[in-house]
Structure formats: C-alpha cells, structure tokens
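Chain IDs A, B and C follow the sequence of writing; residue 1 opens each chain.
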C-alpha cells in the first residue's frame, strides 16, 4: 500500500519531532554517561599500570581476562570458573529479585491504584517514604532486623516457631531480602503509573461475560498494563546486576557479585583494563537481553489505543 | 523554562557554599580527624580546615591522579607513600617551614618508606592483629592460627576484614614466608591456608567495632584502636598480636604538589607536630601518634592500654608492610580474587 | 457507578499482600528511628532512651553541610532529568516507530546497564581533564568550568542528572503508552492548537507519570555513593559519601539520628506539598 505524499510528510515530520524532543536527553547522556564509556572502552584495550590506572600500551589481556585467567603459579591460561560462578550468581539473583518484586509489587501497585482518588497520593507517598532514607542506612537497618538478636528472630522465638535464633545474615538469603527491599519502588511506581490509567469498565465487561477473577487478571489486566511491567522489570533487573553495596553489607563479603568484582579491579585489584572489559561485556549482554525482551513484549502488546 | 532558571540559580548559589570554606582542604580517611583539633587550629591561625573523606588508598590515589581535585593535604598509608612520590603527586617538604619537624619521635624518623621524613609527617600508627572475645575462646590469641586454623569454639563466628595487604601478609608470615614475596611455594601455601579456612569464617566485612560490641561476631582480624573501643564496650575482648608476624601500619600527612594553599598546609603540618595536638589526634581515633613527648598528654586509658602500647614480647614480630613489586601485586590480587569467590 | 457488594477492582489476595508489603517496608525504618534514640553507642543493642545523638548530629557541621549539598544536588538533578526525560518520552512514544528510535531507547537506558563504578571512574578521568585544563582555556569558558562546574556543584549535578534520566523516563513512558489518544484528538477537533492540547490535556494526564519519575530521580540522586565519591571535589562530601567514610571506623546511632531527621524533614515537606496541591481534587 503506497502512502500519499501527505502521509509521507506526516511520517517524516513525526520522526523529526521525535528526534528533536529526544535531543536534550541524548546530549546530557552523551556527555555524562555514554561518552565517558568510550574512555572505558579505550581503557579496556590498554595495559594495567603498576599502581592502578593504565599505561598506554595496547593489549587484549583485559578482554581475555573475562573468561580465561592465568593460573597464578603455572602461568597457563585456564578457564576462569571463579568468574563464571560470579556471573551466574549475579544473574540468578537479579532474575529472582525481579520476579519476586513483581509478585509482591503488582498487588501493591494495584492496591494503591484502586484506592479512592483522594487517598491515592497518600498511599503513593507512604510507599516511597522508606526510600527517602539513604541506601547504606536502609541496608544496615535490614541487617538489624535480620540479626540473631533482631526483631524477626525475637518474634519467632517468642512464638515458639524456633528455639535457636536463626542466622539469616551473611548469605544469599539476606542479600535476596535486601535487594527486594531496595528495588521494590522501582517496580511499584511504573506499575502504578500504568495501572492508574486502566479503565475499570473493561473489568466489568469481563465479569459480565462470566470470566473468573483469574481470567480477568490474565487476559484483560496484564496485557494492558504490560508497558508498566516492562518498565518495572527493566528498572529492577538491570541495575541489580551491577549492585554491590547491598550484597556486600548483607552477604558479609563472602559472596562476590559482578558489581563487587568489577569494583575490585578498580581498587585493590589494580586491573582497570579488566574492570573496563568486564563492564563493556556486561553492557553488551544486557543490551541484547533488553532488545530481545522489548521486542518480544511488544510483539502483541504495543498497540496504540484510540 | 522556569525550571531551567531555577536550576541555574541553584548552581550559582552552590558556588557560594563551596568557596566559603576554601582555606585548607584536607583529604583524609573517614572519621579520622578530631573536630576539636580543627577548632583549635582555627582559633590559633584563623584557617578553616575542610575535611573530605575517602575510604581507601586506591580511591584517594585515583582521584588525585586524575587532576584538579583541589586538595592541599592527603594522608596515605605507609606502603603507598613511595607510590605517591614516584608519581610526582606530593612535594618534598620544605623543612624550613616546619620548625617542629624535630618533634618527630626518633623511632619514626627514619622509616624505610620515607627516610628522614622528607615527604611526610606522622599522623597516626597502629597494628593489625586479632580481636577475640575470651568468653567464647580461651586459648592462645597471639597467633594467626586463630583465623587460619580456626578453633572449634570460633568456627562460624570469626570475621576477617577484607584488607588484602594485611590479610595476605598475615597468611604469608604464618606459612613461613614474607610479605610481597614472589616465591610461588610460599604463595601457594598461603593461598591454600586461606581458602581452607574461609568456610569457617562468618564474613569478610568491616564494622568490627559494632559487631563485636554486640556479640554478632566472637572474633575478628582487626586494627588495634578499633579493638580498644570494643574492649571498652565489652571487657571480655582481648587483642592478640600474632607471633608469626603482624603488620604495623602508619598514616602520614603529605602536601600535594598542586595544592592551592601551600602556606596554610605547612602551618597545619607544624601544628600537628606539637605534642599536645598530636595527643588530641590520638584521643579521637584511639591510635598512637609519632610525636615525641605526646605521651604526657594522652588520655589515661590509652597510656596503659595493651592495644596501644605494644607489649615487649611482641614488639619484634611487628613490621611495616613493604610496597609490593608489580609481579608480587599480581599474585596478591589473583589470590585475593580466588579467595573472595 | 452503583455500589454493589461485588467490587470490580478487588482481586484475591492483593490487598493482603499489599498490607504485608507496607508492613515489611516499614519494619527496618522503625528499627532505624527507634535506635536513633539509643542511649548506648551501639546501633543494635538497646541501652535506654536518649537524645544525645540528635544533639551530636545537630552540632556536626560536616554532616549539616553534606546534607544540604545532597539536597541541592538531588533537587537540581531531579528537575533536569525529569524535564529532559519528559521531552524524550513524548518524542519516543505514540508515534510510528522511526529509524533510530531503538538507539534512543538504548542510550536512555544505558546508565542502568553499567555498574556505577565504571561510570564513576570514567567521569573522574573526563572531569579531571576538564578541571586541570580549565585554567589554560581561560576566558569565560574556563571561568565557568572552574567556578560553577568545579567549585560549584556543577560536575556532580551533571553526572547525577545523566544517570537519573532513565529512572524518570521509564515511568513517564509507561504512563504515556497507556494513555488514550481520543481525548487529544477530540481537543484537536475542537480547534485547539497543538500547544494548547499539550498544556491542558496531555500534560495533566501525564502528571502521575511525571511525578513518579521525578520522585524516583530525586531518591536515586540522594542515594548515590559511588559516582559522587569519585566525581566530588575538595570539600564536596555529600551525605552518602560522608556515611561511607564512617563505615570503616565506627557506626554510631548518630547516623540513625541524621537519617531520621532527614526523613522527618522530607516527610514534612512532601506533606505540605500534597496538601497544597490537594485542591484539585
């Protein structure tokens, strides 16, 4: 179907507007976010300096170091399974966090969005207040709640559920709790923004047609709030991959995540090229995952209404 | 549009806040500078000191190396001083401007990493050892075996601070080697010892002062001053000096080459070499200082504390950590990464 | 709408989950606030009631400066990021997909994809070059770089604005995509100009998304440790970097007191804001 010249003009104009509107964001991002990454890309191909920083000598060791590491004592290259463990651990943790924040975040967002309009702002407010406290402090507060003499153990002991205090800290469980806690608003807020616009009459129509609540949920609500689900998932999954404060404080430093591992290279590890290469690799992997996810999600969802 | 203007106004306004405190910029470890000291300095000289915090030698080095930081003074650890000198980041001291230079205690004057103190002036020094809650473990605390061959009572209750240089040095001494060695035999033994012991550790984290005070941990590799604070909260805690060898560390103040307020910097260096002022620094963070004659002014509990005054029988085992060669550093990092997995 | 006992909006288990979530969210916060009144030095063992930490925090000039700085940075960064993100969201949604739209999307989300330490070090290098050369460039640009950017909090605000953009963008976009075009079409039919339509229909409809985005951006900026730690100049500690410095030494309830005060102030401010804008409903 050919387009009329008028239509083509409309389309071009629409695209141009799209670009113009996005330019301020792009400029800011290029200067202070993406641009500096170019520096990192260059650094990933250089040689580590003696005491951190880099020397201007070309080398692919940084990239090779992602998958292979030189055995310290035999000088041969072996598959770095330490690295693989770290990658896998971070990946699974991020996935679990995303899924779990969705499971508890969706009902919460739904709840807030279905309050009377006058109350809605207050609930939204209530859910963000905990997040006005600093991250480090919040993580320590979780530590206090989960410790052997903390609230949770006290309650369990008093209720007789257990007779010895549980050691919940310094392991994957504590990290998981901490991450969910930290990333929850990033899931709830976009979900809320999407659900808030949802037309309840559609639900009425569904029930009129004898749909069960579950069917209504799955077939009417979910597809329409999909943009919110996508936004929330991205906002939780992606940053959680590079997280390291929470894993460090709650995991006791015995469980290294990708974020800690990269930070080590820029700190005591004194291997900036490896750190740079690792982050580039992470970036690429995430970008691919993102593109696949968005393309798949938009295949049946991204219609325009009206 | 209005938002943009408001934002610009903010930016302009903040210039005022930052510039008003520009008299002397001290870049130091967090929670390591006595506010009273700074007030006294201001009362005597009229110079306002602004402290900016860092939490690791590497961060400090990276930031200053990048340039344009605006700091005047920095406080590196002993094994980093030579690195700063080599990179041309700190000045050779103009001793004429520091009349009190002679106050530096003789044992701290000719240190391997700054002979004759031509580049730095002592701030505080201490040791790294093992803090143990004797209510939980009654055996010998003066050995690295406490964390490398964990006794039954301490299994799952001992922490090891994630300080690569300190921990690896302790391990190397324990297996009979030397820190910064390139001897692969020794390195292998140290690595194996660490990895074998790790499952018995509860964590590798900071925060020993709180966590041992409230009994979350029963023992930890720790610095002496912090252990003293724990003991004051929990009298059962004892500080162990590993007899196989333990690190002595010292933080010293240096003047940055591109410091904007050099004269003020020298005034400060001179000021902290006065015995009473040095004692003030020590009283705050609970670590000893390197100025002769300051003992008279130290707080009572520090004069006799076993953490601060190293008992005779352990003195020989304490050594400064050298600056590792790049090869040795590579080994260190590789072992450390494996350990942290 | 007729009030029936069958509520259309109710879904099984949702309300219970939501309430439990709120409870779990506030548990650590209550602990935090409670221990700020702890008479002993510990942040975990209760030693009696005392206000000494509040007194200490109040006297701590370093803390006060750091807090003020954090707030200024967060407000500025949130404003800039939200404005810019709103425009970008408008430019990338509800239109035929144009070439390069995917690229824009990736660029906007890119700060999320890279661990902060990497951006931090890269910015350190970049800004370091700018700072050292500011003097040589001279003239108004050199002056601008030296005063506003370096000594003023310009560099930090710039860095924060950039990484806050995706956090502002995604909620706004989610909101926009769910919006019904019919109202705007109707306005156009009634001879409203595009600008009028935007100001009086689109913008108000987008408002919840924009507010959500701005709040996220503010919080993210307030919390940032790593990037600020590397980008900050002399005397530019923010609250989180100050606390990071405390971590290695000793945590006292002073930190709890500071956090509680900050929390109280923001709660009061936001309540006032909401009450003032309530008249719309």
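Worth a mention:
Just so we're on the same page, a residue touches a chain if its C-beta (ideal position, glycine included) is under 8 Å from a C-beta of that chain, and two chains touch if they have at least 3 such contacts.
Given the structure is predicted, the values throughout are model-derived calculations rather than measurements.
Chains that touch both chain A and chain B: C. Looking at A-C and B-C side by side, the one with more C-beta contacts is A-C.
Centre to centre, using the average C-alpha position, chain B and chain C are separated by 34 Å. Centre-to-centre, using mean CA coordinates, chain A is 16 Å away from chain C. For chain B, the set of residues touching two or more other chains reads 59, 62, 65, 214, 216.
Within chain A, the positions touching two or more other chains are listed as 147, 149, 266.
Among all residues of chain C, those that touch two or more other chains are 43-45, 80, 83, 121, 125, 244, 247, 251. Across the complex, chain C meets chain A through its residues 6, 8-15, 17-22, 24-29, 31-32, 35, 43-45, 80, 83-85, 87-88, 90-92, 94-96, 98-102, 104-119, 121-123, 125-126, 158-159, 161-163, 165-167, 169-175, 177-182, 185, 208-209, 212, 215-216, 219, 222-223, 225, 239-240, 243-244, 247, 251, 255-256, 259, 262-263, 266-267, 270-271, 274, 278, 281. Those residues of chain A whose C-beta lies close enough to touch chain B in the complex are 50-53, 69-70, 72-73, 82, 85-86, 147-149, 167, 169-170, 248-249, 251-254, 256, 260-261, 264, 266-271. Taken together, the chain A residues at the contact with chain C in this complex read 11, 14-15, 17-22, 24-26, 28-37, 39-40, 104-105, 107-108, 110-112, 114, 117-118, 121-122, 124-138, 140-142, 144-145, 147, 149-151, 181, 184-186, 189-190, 192-194, 196-198, 200, 203-204, 207, 213, 217, 224-225, 227-228, 230-232, 234-235, 238-239, 241-242, 244-245, 258-259, 262-263, 266, 272, 275-276, 279, 282-283, 286-287, 290-291, 294, 302, 304-306.
The touching residues of chain B, counted against chain A in their complex, run 56, 58-59, 61-62, 65, 83, 87, 156, 159, 162, 164-165, 184, 187-188, 191, 198, 201-205, 214-216, 326, 329-331, 333-338, 340-341. Only residues 3-4, 6-7, 10-15, 17-19, 21-22, 25, 27, 29-32, 35, 50-55, 59, 62-63, 65-72, 206-207, 209-210, 213-214, 216, 226, 229, 233, 285 of chain B touch chain C when the two sit together in their complex.
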